[in-house]
């Protein structure tokens, strides 16, 4: 055995607190180590070339790189040693940066710790065995979860490239948040004019199936071979018959809150969210339906010309087999009412959210595009916008910037002027203006100079009703004095939050999410649209707050990653899987009990006895069976019990 | 011996005879007298005319379920009749839960049990060899080789676990030898731990270090255990992985026992077979009974109660409320 | 013959312990009697008939380190080739480390050499596999029964190079430094069968001094020259004639208490004839295949050898093994010729009464009965031997 | 707090997907941590046999910390559910084996909880440090 150890300086990232050169000398005394060197940047081209040269010239059979986290560069170095003819699994990383140099100050102690980390890695690599991946067939169909603008973009890109795509959308129509917007910044073009043609494209595309009013219930399998159970929620309307004529909606006597219009209006118990809905199909909100609540009515059933109403409809489940999954579940509006009592907590009628105002501005919205006060339906003369409600505010647990509010507030301020006239006073309370996109800064400037919107830097401390007005009390921090504005209408630039149910979906998919419910990308810079679960990708605002241009751009990026994955006919599976030493298996079948993936199976031997056998391409390498097997005859390649014990001994006895 | 005990013994013989006559089993496992009357040993009866040597009395401590586990039946596909007490039946249930014994090849005679006497404690009361133990009502008459005779109260000689038995009746059986006994009420009891539990960490460490320094790694505790069935493949012997050091020294010996304990966790009902079999009398119950106490407090779980249950570590509950921080 | 007054026993032990480590049966906290180091505050337990284990471990420890070693990296990054200079460097290293080079493995592995730190014990002179480094201080074992002493004497053959076979340095260093003071049995148990094997509760095989309990003290006889010099001590009084008479009476009483449950003649033949007999299956039925019987046996001697190593530093040691252990006969191929329980079971008895006697001219059983007492399922060696003897008769009868 | 004396030996067994990444995050954020712990990476806490933790104690560890994904967030969906039952039993048994309860803990740290990782490690190492190296030891 000939082990080479390469110790990285990482510029000064490691070398400032760890004596990389000294470590190279010490590591040379470790058993089986025949070559050591310290390198300025091991991951650089010359650094990697140095490793390959040492493998060739010194006949190295194992390599340890002591540098950054394996999550950063394990793949890089595995490829590097493989190119030099070594099996990539005869390589091990010692993380002396994230786990040592960056968290310590004392150079002597940090160097000692780094030495032990290296010893543990050497001990681990010593028992490493060459591993070889398996190949599995790839299913080239794709599931897109969420039919907003990002999901539609991904679906269209993939479908255009020839892949079969299924869009699962939990509402009755695709379109997502963008469908609820009036205009888009910085161009002030009509949101629907951009989006609805894309929705129609998706609906008519021969490679796209839209499953609206459906949710992902269960996901099994692995990259290239997912099996997804989809729940089709009962709409109480047979969508194969419904023609979207809306007769039922017109005649329905019962009303319920209107999610699509952000609660600004009511809708009928049987409804179609908006005229351009795709698919344009009716659904009954049973909570509000008289038939379901009181057992009488059935008006819709009587008026339906297509005989589509089905009061007995049940949820159904369908299964789809796909090779990749794109999560594009978007975002929700921050529920400001719960968090901002100082703004009335929702009890002042003329204080509304940005999305409500968006619906008010919209010509097909509940007010027909007419801006008025909620309290008395009069046109407002003074309109105040308050930014960063539910963003950049640690007091409400939202430290992040929602990234779209500055821009949509400017847009809405401009639209206010055009809807209500120049004589309407418009104020915007802001902390900072973030206008980093193309044409964004110019757009803000236009709002200020061309449209005369008053930007006041400062937070609003309190909103209260007084004499028919909403009193806006705040601080103008530039002028340094209190201001109090009697407003007719106050619009809160409510921030974005992760979509409802996002953590549950993440658990179903086995992907990570952050404390706010946004899904985590595999690496913010290197793998920004991948998740840590192979074959599952992200697009749009489900990952972090995004505006439309960014969502669409990312969606196309995601589509290209999916295409890259599915361009292969076969996929290599990780060889770090469980394997049974059948000569020692006692056939207690505990492994079969505990495996979440059904990877172990009973295999009959020639002598008639049965032993456990792990199907390599099904095994995901978690090792639950390994910890469960009483005779320890299952070992997890790459993480054998012996290698763990060796590491323990190095850390404790050395 | 009480009338009930005699009735049970008669019934065991009768059921064994029946099973053998009908060809239901190839052999029947019960208890019989050893080389001295004070000794009761496992009996393997193949012929009908041997059935009369089967015994039932408070010396029948052996958990016969151990002879059902892997590699024990001879021939391997034998159809076996077996007697089980309440505690024994729980180990059988644990094996059945894992489908590691074939129900179809098994004929189980359940024996309600009033409690087994602690022969070890009894013997320590004499310097001479105890060769006869007779039961007369509530009294136990003990005779030594030298001819000394003493009468002792049955109640006071019971094994600690029997004195507070929660399951005097078998949990699983095909036929019953005798009437069922009243089922004790209340939560399960885990006797004999209080004194040890009250010790400081340092004192416990001392007790265990002393106890396990005497362990000779004979594997009696493991091989006698009905739910420890890895036989030749026991990881305690394995060099790859080398989970347990092969040196016979206190640390390694305790680790050895930890392997046993963690591997039977969720399936061990504290039948006490390991404890009774240890040739150097290491108080194994301190570990195994404690483990069961903790499992009960942790998840309300008791091993080997119902065939359809899953052993506690082969399943989970999303709502497990445990003590992680 | 000498006499030792009972109240003089502590005086004797104190006297003996000045020159040697003295081991006596002691009742442990849990009531189990085991051999333990004597010290002034330790009570010698002679009432309990047999200690739980014989003092086998005093001459044949359950775990015994042969040697410790570590790898020196002579061909590490600093010393890339194995040259004369490397060899010289190594020589110097060895000098400073106090070990011995036992292997050089260039150029195949090119990177390591093995250095033995010690031979035998934990510290001392170099010398791989020799007993040079062993602790060779004297020990005296007092209070064991004649069957235990006989067990040791039976083991002597296998370790002592009998018949030109292997001479085990470790065992013999200890054995030669050990003095055995046995005590005649007072109350033999029903499990005793020394007499069936030609022994006696007052037997002297392997014994240096035999003490027999009589009224007021012990009748003391020296059996070997080592014993002769021991009983020279002043604590021993000259025995009066009645001491001798009492001793004879005590021995006779003990003899009378030991059963002869089978005839030794015919056992070996029976085992041989019945090797393939199905009766082994019945006999082994109760066996749970643990190793208790062999580990409490005063004459079972099997062991295996292990290496445990961490980062170039290792230890080679032996541990008791037993024929019920699956690895006892496991072959590298994975095949185990004694796969089944009955085959392992058969080996134990055949070895003690057939294979060992054939090779070492000695039985390997002294009839102490511990295996009967401590077997978790009370497998009875007497029953096995009786049954197997009958096998011959049956065979002969048929013939 | 930062770099302590180095007189106790602590093993931190962490899962690859959550806690290892969380520890990475703590490093990236330069969150100072005590010196006395060594990280061992496994794919999932479900891979961790409680006997491995006992082995660490047997080999001389003064403390063992196991950390994985939060329940419900396991990369393999169920690993930490199985693991926590075993870890809890171990936690309850260790004091019974003469090992102070402060010397062992199991917890959940997600990939985004860098600060939590720092806090978990610091608290644990501080507590074990206060107890000092383990004396004697049946295990």
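Order of writing sets the chain letters: A, B, C and D. Residues in each chain are counted from 1.
Assume a contact is a pair of C-beta atoms (placed from the backbone, for glycine too) under 8 Å apart; a residue touches a chain by one contact, two chains touch by 3 or more.
Keep in mind it's a predicted model, so treat the numbers as computed, not measured.
With A-B and B-C as the two chain pairs, more C-beta contacts join B-C. Set against the Cα centre of chain C, the chain with the most distant centre is A. Our note on geometry: chain A versus chain B, Cα centroid distance of 55 Å, whole angstroms. As a whole-number value, the distance joining the C-alpha centres of chain B and chain C reads 32 Å. Chain C and chain D have CA centres that are 45 Å apart.
With centres set at the average Cα position, the gap from chain A to chain D is 29 Å. Residue numbers of chain D whose C-beta contacts span two or more other chains: 49, 55, 72, 78, 82, 86.
Residue positions 594, 628, 641, 645, 649, 653 of chain A are each in touch with at least two other chains. Chain B has residues 231, 233, 242-243, 245, 313 in contact with two or more other chains. Contacts between chains form some other arrangement here, matching none of path, ring, star or all-to-all. Each chain pair that touches appears in this list: A-B, A-C, A-D, B-C, B-D. Listing the residues of chain A that touch chain C in their complex gives 1-2, 27-36, 58, 119, 123, 583, 646, 649-650, 653-654. Interface residues of chain D, counted against chain B in their complex, comprise 49-51, 54-55, 58, 71-72, 78, 81-82, 84-89, 91-93, 95-100, 105-108, 135-139. The touching residues of chain C, counted against chain B in their complex, run 28-32, 34, 47-49, 52-53, 62-63, 187, 189-191, 257, 281-282, 284-286, 288-292, 294-296, 306, 308, 317, 319-320, 322, 324-327, 336, 340-342, 372, 374, 376-378, 380, 382-383. Of all residues in chain B, only 70, 98-100, 229-231, 233-235, 238, 240-243, 263, 310, 313-315 touch chain A in the complex they form. Chain contact summary for the complex, chain A toward chain D: residues 69-72, 95, 97-100, 102-106, 109-110, 112-113, 116-117, 120, 503, 506-507, 510, 512-515, 520, 532-533, 576, 594, 596-597, 620-624, 626-628, 636, 639, 641, 644-645, 647-649, 651-653.
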